[in-house]
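Labels run A, B, C and D following the written order; every chain starts at residue 1.
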Amino acid sequence: MTTPLEIGAGETALFWILAPISVIAALGLLFARKSVHAALSMIVVMLIAGVFYIANEAPFVGIIQIVVYSGAVMMLFLFVVMLVGRDASDSLIETIRGQRLATVLVTLGLVALLTVVVGQVTWGGAVGLAATNTETGNVTGLAYLIFGRYVWIFEVSALLLITAAVASMVLAHRTRLAPPPNQRAWAARRFREGKHLAGLPAPGVYARHNAVDTPALLPDGSISELSVSRVLAARSQVASPERFADAQDEIEREIEEGSER
Amino acid sequence: MSLVNYIYLSAILFSIGGAVVLLRRNAIIVFMGVELMLNAANLAFITFARMHGQLDGQVIALFVMVVASAEVVVGLAIIMAIFRSRRSASIDNANLLKA
Amino acid sequence: MTNPYTPMLILVALGAGFVIFSVGLAQIVGPKRYNRAKAEAYECGIQPSPQAAEGGRFPIKYYLTAMLFIIFDIEAVFLYPYAVAFDQLGLFTLLAMFLFLLNAFFIADAYVWKRGGFEWD
Amino acid sequence: MPTVFEAPEINWAAIAPMLVVMAGGLIGIVVEAFVPRRRRHSVQVALSVVALVLAFVALVTLTVDNRVKTLGGSVVMDGMSVFLQGSLIVFGLLGVLTMAEKFGGDRPDAFTPMGAAIPGSAYEAAADRAGLATSEVFPLALFSLSGMMMFVAAGDLITMFVALEVLSLPLYVLVGLARRRRLLSQEASLKYFLLGAFASAFFLFGSALLYGYAATTDLDGIAAAITETRPGLEPLLVPAILLVLVGLLFKVGAVPFHSWTPDAYQGAPTPVTGFMAAATKLAAFGAILRFVYVGVEGTRWSWEVGLAVIAALTMVVGAVLSVTQTDIKRLLAYSSIAHAGFILVGVLAFSTLGLRGVMFYLLAYGLMTIAAFAIVSMVRQGGTEATQLSQWAGLGQRHPILAATFGFLLLAFAGIPLTSGFTAKFAAFAPAIESGTLGVVLVVIGVLASAVTAFVYVRIIVLMYFSDATSEDVVAAEASPLTTAAVAVGAVATVVLGIVPGPVLELAAQASELIR
């Protein structure tokens, strides 16, 4: 247990490759214009943290970090970013004049303080966990502690999870106040209103073209505006059917001509 | 290399997280800054656990992850609720409360 | 091959290489035709149904599902060490685990279920 | 490193009160799941009250004689834990009573019928007509309370961290559930959440550094590590302590970490504000006391000046800014900041008497705060709370008893003799004076700050009694026995603790022992 820990060249290389990447990714969080980019750089930081946990002889925590944290939690973040709007970039207006400068100074101070403090520290030989991890086993050792010394925290964390469930239900779940309308109810409503009794007309189907962005033609040859989605109409992405109608005429003419030949 | 480098990294990540919280105006990014700070603390716990040859630090890191996930769920639920109310997630726009 | 993680490292390198190669190739070789419709939820232009509440991008219930998933994901974190060391932990831990699952799983589940949190309509 | 599994020893009697409160919350969730909507409210209120009364009984009968460290050191039930947990249960009970208030309606008046509905939407109105109610607030309050009880009794930093989250998460939600002015409420919730999470990150990083220093997060282990000094690791100690303290001071709302306080207090449903102001402050100070007195007192010369500066700043800023407030809830928030400063003065005495004074102060302050916010929730104009100070003009002429009670509570806030506020200030300041020059300076600042706040409070009393009402329709809502009881308990306690504080001071003195 008392032999000082030797850190191999492999881990040194791993550290010097991944640590700068994680710092750059963390800075990405600070400078990214879009929340999506921030979330993605956050995922990089968390993945690298997971790798470092594994390198630091904490394989189980490392895997959990990657599975739960980068996997599930950051997914939830991305979800909310999507929900909120992926380019809800932030305003750069300062609320308090000079706040930005003050914050930068405070942050630099914090970095300087922490690194200087860590730098002043002289570490004795680190013990390392290799022995424990091979003798007891990492996960078994963790289980001893989770269900032994830390069993109170383990039980209490159930309260956190249930609070989270209640919070999301209270804040995000909208109770249905009435049963959802079924097909019958829709039909009844359509007839009550007396419009489009047979439903809206389907979009156009032409000999060489069939797409929802092309309106159908009414018997008199005019365009049926009801047959295309109003989203497309609002975006003015509705294609003109004339091309296809002309093409159809052309084909018919060709067929007629062909039959005379 | 010594294990102290991990602690350096952890201190740097923690400070960047703090800066994100103070500088960014977008509630979601601010929250990610908090998560970054928690991760930095976890890295420190894991490294110290290795230094001391204990598993306690790892167990603590595990609990911190559990706590942080619950916090994420609650926090994002609040952010969602407020976003739906105001269609914006910038905390600068949250200005009904004036200091 | 002294380090057991070396194969894993090689796998990661291979995986990353493949991703970079294929994405890069698609960038270089693939045709790029811009179309606004491609930016929409459904390229064909169909309105998402049901409509996202008050013009949001997605209906909020997706969020609820994701969030409930995380809660149950976290419970698995504790189940694994329990399962690994199950034979050495004894009755006390069985009770502790039972209590944990009762609180965080059964009660939470019952609440969400009875309140319609799992209903997809 | 354990190589075989050992189950920790559990003293069930010692943790019984916490278990009862937690069980109350959990049963509350089951009630939410299975009891029909119409009956939920009454079932929840009854359940919460029963749970809290049972917890109090358990505390008095079982826990008092079981002053032990249990669960592997996670829970320390010493005199301070018992006293503070008892106070917390009382606050919880009063808080639940005020939260249950209906003001003649058919469901709790303070909370929105549907937290997920968009404010002002048709859906919200429909939910209101359908008679929905957020009865989850009661189990959430119980969860928060159990977190607070864990927080004051936590024997190591990681239990403290988890307890901090258990107490905070439900509060973040509760703050955002106001029935009226919901946008304000949700914003308050967001600000409180973001700053609270920020603070807990500081706490956690400090804990990590302390773990690096002491190789344990147990407070007694840290104390032992400090006395034996660790060559080479010394530079870690003070920054770590400062980071942990920053996290804790955020929670009590000390300057410069106070910016969430007025916003959260103003936006939250008023009964929640009262509960939060009383109970969170008590819990956070309990944790500060334990951390500072048990954990790191050995190195106090290196950080006590910093804490003293914060205490002085807190008193001055809280007092001065309360002068400029025009909203009664914000005013009480700044007053609570000033009180946090006064309590910090007592903490800095570093003596058993200081401990006694701080505990007494926390109890007295909590009782008057809950009552004061309950009164604020009663004063209405056109159905919504009249929180603007100008709306309170002339209230004394129309509602003499209500205004008199509120005026009396304000005098107690100011620390006028014959109120509990005076006894509390005396009990907190006297040991500080004995502790040395620093204490004397702080007490002088404290007395001056008290004078400033007294001016603010007297101005409100003058406004209530000697100004003409700006509009006639500001009225006090007809309160049910629930709120009336909460106000009565708070006011009577303020009188009793002011006139005959002896027994409670004696109780606090007996409770001023810490298991290290």
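The rule is simple: a contact is a pair of C-beta atoms (placed from the backbone, for glycine too) under 8 Å apart; a residue touches a chain by one contact, two chains touch by 3 or more.
Small disclaimer: the values here were computed from a predicted structure and weren't measured.
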- prompt: When you take the mean of every protein CA atom shown, which chain's own CA mean is nearest to it?
  reply: B
Task: Could you please state the distance in Å, as a whole number, between where the Cα atoms of chain A are centred and where those of chain D are centred?
output: 37
Message: On a C-alpha centroid basis, what's the spacing between chain B and chain D, in Å?
response: 25
Message: Roughly how far is chain A from chain B, centre to centre by C-alpha average, rounded to an integer in Å?
response: 18
Statement: Rounded to the nearest Å, the gap between Cα centres of chain A and chain C is 10
- prompt: Hey, what residues on chain A touch two or more of the other chains?
  reply: 60, 64, 68, 72-73, 76, 80, 83-85, 114, 117-118, 121, 123, 132, 141-147, 149-151, 153-154, 157, 159-175
Statement: Residue numbers in chain D touching two or more further chains are 1, 4-5, 7, 26, 29, 32, 115-116, 118, 158, 162, 165, 169, 172-173, 176
Task: Specify, in ascending order, the residues of chain C that touch 2 or more different other chains.
output: 53-54, 56, 60, 63, 67, 70-71, 73-74, 77, 85, 88-89, 92-93, 103, 107-108, 111, 115
- request: Name the graph shape formed by the protein chains and their touching pairs; answer line, ring, star, complete or other.
  value: complete
Residue ranges of chain D touching chain C (in the complex, touch as defined): 4-5, 7, 26, 29-30, 32-34, 116, 118, 121
Message: Could you list, by residue number, the parts of chain D that touch chain A in their complex?
response: 1-8, 22, 25-26, 29, 32, 71-75, 114-117, 123, 126-127, 130, 132, 134, 136, 139-140, 143, 146-147, 150, 158-159, 162-163, 165-166, 169-170, 172-173, 176-177, 231-236, 239
- prompt: Can you name the residues of chain A that touch chain D in the complex?
  reply: 113-114, 117-118, 120-124, 132, 135-136, 141, 143-145, 147-153, 156-157, 159-160, 162-164, 166-167, 169-175, 177
Chain B residues touching chain C - in the complex, by the definition given at the top: 62, 65-66, 69-70, 72-73, 76-77, 80, 83-84, 87
Message: Which stretch or stretches of chain C touch chain A in the complex?
response: 3, 5, 36-37, 44-47, 53, 56-58, 60-64, 66-71, 73-75, 77-78, 80-82, 84-85, 88-89, 92-93, 96-97, 99-100, 103-104, 107-108, 111-112, 115-117, 119, 121
